[in-house]
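Dropping the structures in below, format is structure tokens.
Each of the next two complexes has chain A plus one more chain, namely chain B in the first and chain C in the second.
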Partner chain A sequence: MPKVILTVPFSLMLLALPALGQSALRAPSSVSAGSSFSIATSGTGTAMLYLLGPSHVVKRAIELGQDLPIAGSDVVASGWYQAVACESGGCTSTTFQVLPSSPARLRFLVHPSRVPVSAPDAINATALVFDRFENTVLERTNVEFHFFSAAGSAFDRSVPTVRGIAWLQIGSTSKQGPLRVVASVGEAAEARIIQQVASEACGLRIQAISGPRTVKLQTDPVRDCGGNPLPDGTVVSFTKIDDAGRSTVDTPIRKGVASAQFAVSGRARISVACGVVLGNEISVNGERR
Partner chain B sequence: MTTKLHLACCLGVLVPCLSLVSFYDVAASPVEAGSLPRVRLNAESIGPRRIEQKTGEMVARDYAQAWQDLADSLEANRTDLLNDHFAGGAKERLTQRISEQKKNGLRTRYVDHGHQVKAVFYSPDGGEMQLQDQAQIELQVFGGQKMIYTASTTSKYLVLMTPGADRWYVRSLETVPDDAF
Partner chain C sequence: MRRALPIFIALVTGVLVAAGWWRAGGFALHAERSAGTAEQAVRALMADIQARNWDHAFATLDHANGIQEPDFIQEIAGTNGSLRTYSVLQSFDAWLLHEDGNHSTFRVRMNWSSAVGSLDELRDLSTVRDGNVWRVVWSKPNYPKVPLQVLPVNYLRWDVIGRRSDDWGAASVDSPQVRITSMNAVERPDRVLILGEVENEDTVPAYVNVNAALLKPDGSSLDEQGSFDAISHKLLPKQVSPYRIDFPGLRLSQVKSVRMDARALLVPASADPVISVENQSIDKDVVGRKVLKGVLVNQSGQTVNIAQVLAAFYDANGKVIWVSDGYLDQALLPQGPVPFAVSIPDEVAARVHSYHVAVNHYIAPTA
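Right, the complex of A and B next:
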């Protein structure tokens, strides 16, 4: 049995079927997707040819003993095909393989769509390489990844495919703004945009303007450690602890800063936080009620 | 791995043995999928993302179900049977194949003798999984009631699966040369 598997292409064992008398089909062992070719036949008379592929079936009457032209459009899907010729006496067959043609298309996936700046290995890019008929190109092919940041910097990576897939993982850059990622193979190129956003706040500080019974608070411009301003809408929490107890106000950043106002009674400690970052703490004195 | 496990257990090295068992379950993911076509999934060499045991079970089950649907649809010439487990290019190709074989009075029977599947790529974001399948299949093609072709094959398939809301879909199913893997 192992000998049969080794000697028959595609590890394929044809089982007994009534065969045409002296006729036979002979196809090239492999052809490129979309390429026309011929199947040689022997014998005489007419028969019905069936061409069976992964996505296509052809049925047509043929004259045995002549070469059968097969159009490229009949073999666009890569994989194994069976050509079967039948007449009243039975059928004969041959198999051949259609291989992907050259790389012509890309499917490109980038994750995530938003990413904090300066995050190591936060961006994943996966490119799948196909020929013009959407067959996976199995031959090793280099995919070029080009990165263009909003700050004007650009860098490239070249990654070879393995079984039609090339992927890489990189960190985000230090400046916020769109990061354009382009994957290309030959003439085919696909672009994606990743929005790089400010990371966690850094050096968060508040200033206070005290009145007799109230205190107005405002942060300095809230930025991350790379100097990128945190987007408006990011929530900043102010917490006051005084004789009246503990009180917290959550307020969004507007025009780069966050502000709040507390009523205070006696000595109060006020702190600020944004996400996982704690800012400075200040003490104020208000009139006791 | 199995030999190491047995050796460790025989030596009575309990703690290392338990940790190896845990690793093996996640990494190798040997899964048999019910009464469907026999699918044995090995995810030992998957990367760059590792596979959870539950995910491995789901992929094996959905892949087996996809083959069941494929066989049923090609034999009955019903494209609607492809809706549950196929998507994208795989679905388009099979739909076209079924439509054309129906038009030409043909049907195809797959007698499925099982799949040795190796998961080789799982994208970091979990959005794509590539499988290599070595399938034992008996293929029978009928013109009306007459069998016009039959062959018993060991075919190699390169498969791309993507997750949906509650299952994994076969997005690409391509036969590849014997030496592809």
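Right, the complex of A and C next:
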């Protein structure tokens, strides 16, 4: 409803414009957001100026024939503006474009927050470039992406924006640990951390210490194929099959290894798995119960 | 005339009370509590258990085996916040298996109404004649005796901190990565089942829900269901859980395809307790049904109040062909073995090549 209230009178005023000729407004075709500028007027007498922007409206009395100073604070939102001057004989208007100012802020999204090591194209970094008034900077701008891994290596990528967005996809490194990603444009910089975590277990092996009725099992340090230790808490499944039947226990890795203990009756086959990865199988002999 | 109305009201009240007593099974209860025959002794015991009349129930037992009342009550009423403590005996049925002059054996099917639904229990009860009455021989519970010890527990715990919703792009932590590693659609006489396994592939714990939608040939949804309690919802890193989704009243011929959806939430979790599943074997129960039997051993120092067994059964090709689940009505005390059995349909049992058992647990919060 407020839009209608504003639109109808202004439309009527614009319809009356061809009948006029005694006053005119001349604005620069484009200005930078937040910058002060002037609109030249012709004619005599006083009039009422309406400055209509995408998110802001200004109304003030002006003297025709003088340059009208427009404060930078009246044109902070980028987009098309219309200046309308109305006097007793009718209205005249002009339009101009306010462009985003220079890049000053970044919004930075990195996905995912955790990624397995050595995963190709697994990291997606997206930066949106804004000026200091939060207008999206549509002009082509280079965003610098800096990557710092926990192992000490660092590398950079420079990506130009397309309609204000710079987008990059890269693989994770081969060593686990935090990967710091910094996106920067000029003075603006934003940092995010990605946790690179161990991948699937590789070469999973168990060793057994047999007693007469029990067997103690312990894995070698559980690592992925890149040598990264799987984090503590990762579940390792032990399975024993002997005369008494099948026994299983899911036990979490502690201090890099997983351990379990089974009672054995006769000849027993014991295997180990971590997720969908199978390890070795061993045989032990226990006393029959 | 003045006294007629109070007398009339008193008579009507008396008639209503008698009718209520009769409707509530008063005659049957009275008959069941007398033990002139072996069957009456069994039924009287069941009636006492149903009424939670432990003292009277214990008094009617045969005490020759040295059973103690606390042990009897502990077994039948539950303890340590076990599922049995949240259960009542809803109904029972007893039938004679064997009888001679002074001894007989009855099989009793007890239907317990519990916090997780209806649970059936089968138990064989012996009875002996004691003069003019019959008494039930209640097997002496054999509770494990764990020596006093200090058990160091240093398993991991994961906490989730600093949750915020107002900082776009800056404070996000992804949901755990989970994957459905297998899925199979199975038809039973009264339903369609979606079975399979799901793995937490991530390095953090996940709260997992698996949902399935059965689709018609035109792509529209026939029905959507979730795994509800037939899954281990909380999965530690690299942990695998079976899941089963039931679609009652549907046939596979109605289904063109299935849309699966595994959703995971980042949740705090503890790697404690570790529960081993020992001596698993496929066997027959007392009524000849195929069951997977075994023993759960709580290897931690904390009592597990309610445990649920989930078992995935595979055929020779490694395909999941069935998922069974069952709750244990006993609590898992530290280091104490507790037997379990989950049923397998006969036609499935013939094709079972191997199986995987997972254990769900519930620990009541401590004050």
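To be clear about the criterion, the second predicted complex is superposed on the first by the 266 of 289 C-alpha atoms of A that agree within 3 Å, B and C clash if a C-alpha of one lies under 4 Å from a C-alpha of the other, contacts with A are read in each partner's own complex, and residues count from 1 in each chain.
Rule of thumb we're sticking to: a residue touches a chain if its C-beta (ideal position, glycine included) is under 8 Å from a C-beta of that chain, and two chains touch if they have at least 3 such contacts.
Remember, it's a predicted structure, so these values are computed and weren't measured experimentally.
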_Fit or clash between chain C and chain B when superposed on chain A_ = fit
*Touching A:Pro231, do we find chain B (first), chain C (second), both, or neither?*
second
*asked:* For A:Val249 in the superposed arrangement: first (chain B), second (chain C), both or neither?
replied: second
*Looking at the overlay, does A:Arg192 come into contact with chain B only (first), chain C only (second), both, or neither?*
second
_chain B versus chain C as contact partner of A:His111, first or second or both or neither_ = both
*Touch check for A:Phe155: first (chain B), second (chain C), both, or neither?*
neither
_Contacts for A:Leu138 in the overlay, against chain B (first) and chain C (second): which applies, first, second, both or neither?_
first
*Of the partners chain B and chain C, which touch A:Cys274 in the superposed model: first, second, both, neither?*
second
_Smallest distance from any CA atom of chain C to any CA atom of chain B, in Å, after fitting_ = 9
*Taking the two structures together, which residues of chain A meet both chain B and chain C?*
109, 111-112
*What part of chain A is in contact with chain B in the complex they form?*
5, 9-15, 17, 30, 50, 52-59, 77-80, 82, 84, 86, 91, 93, 95, 97, 99, 109, 111-112, 124, 126, 128, 134-136, 138, 162-165, 167, 169
_List the residues on chain C that touch chain A in their complex, please._
154-156, 158, 168-170, 172-174, 177, 181, 199, 201-205, 236-240, 271, 274-281, 294, 299, 355-358
*What part of chain A is in contact with chain C in the complex they form?*
107-114, 190, 192, 195, 197-198, 201, 230-237, 244-252, 254, 260, 262-263, 274-276
*asked:* Considering only the defined contacts, which chain B positions touch chain A in the complex?
replied: 48, 89, 92-94, 96-97, 100-101, 103-106, 108, 120-121, 123-125, 127-128, 130, 132, 141, 143, 147-155, 158, 160, 172, 174-178, 180-181
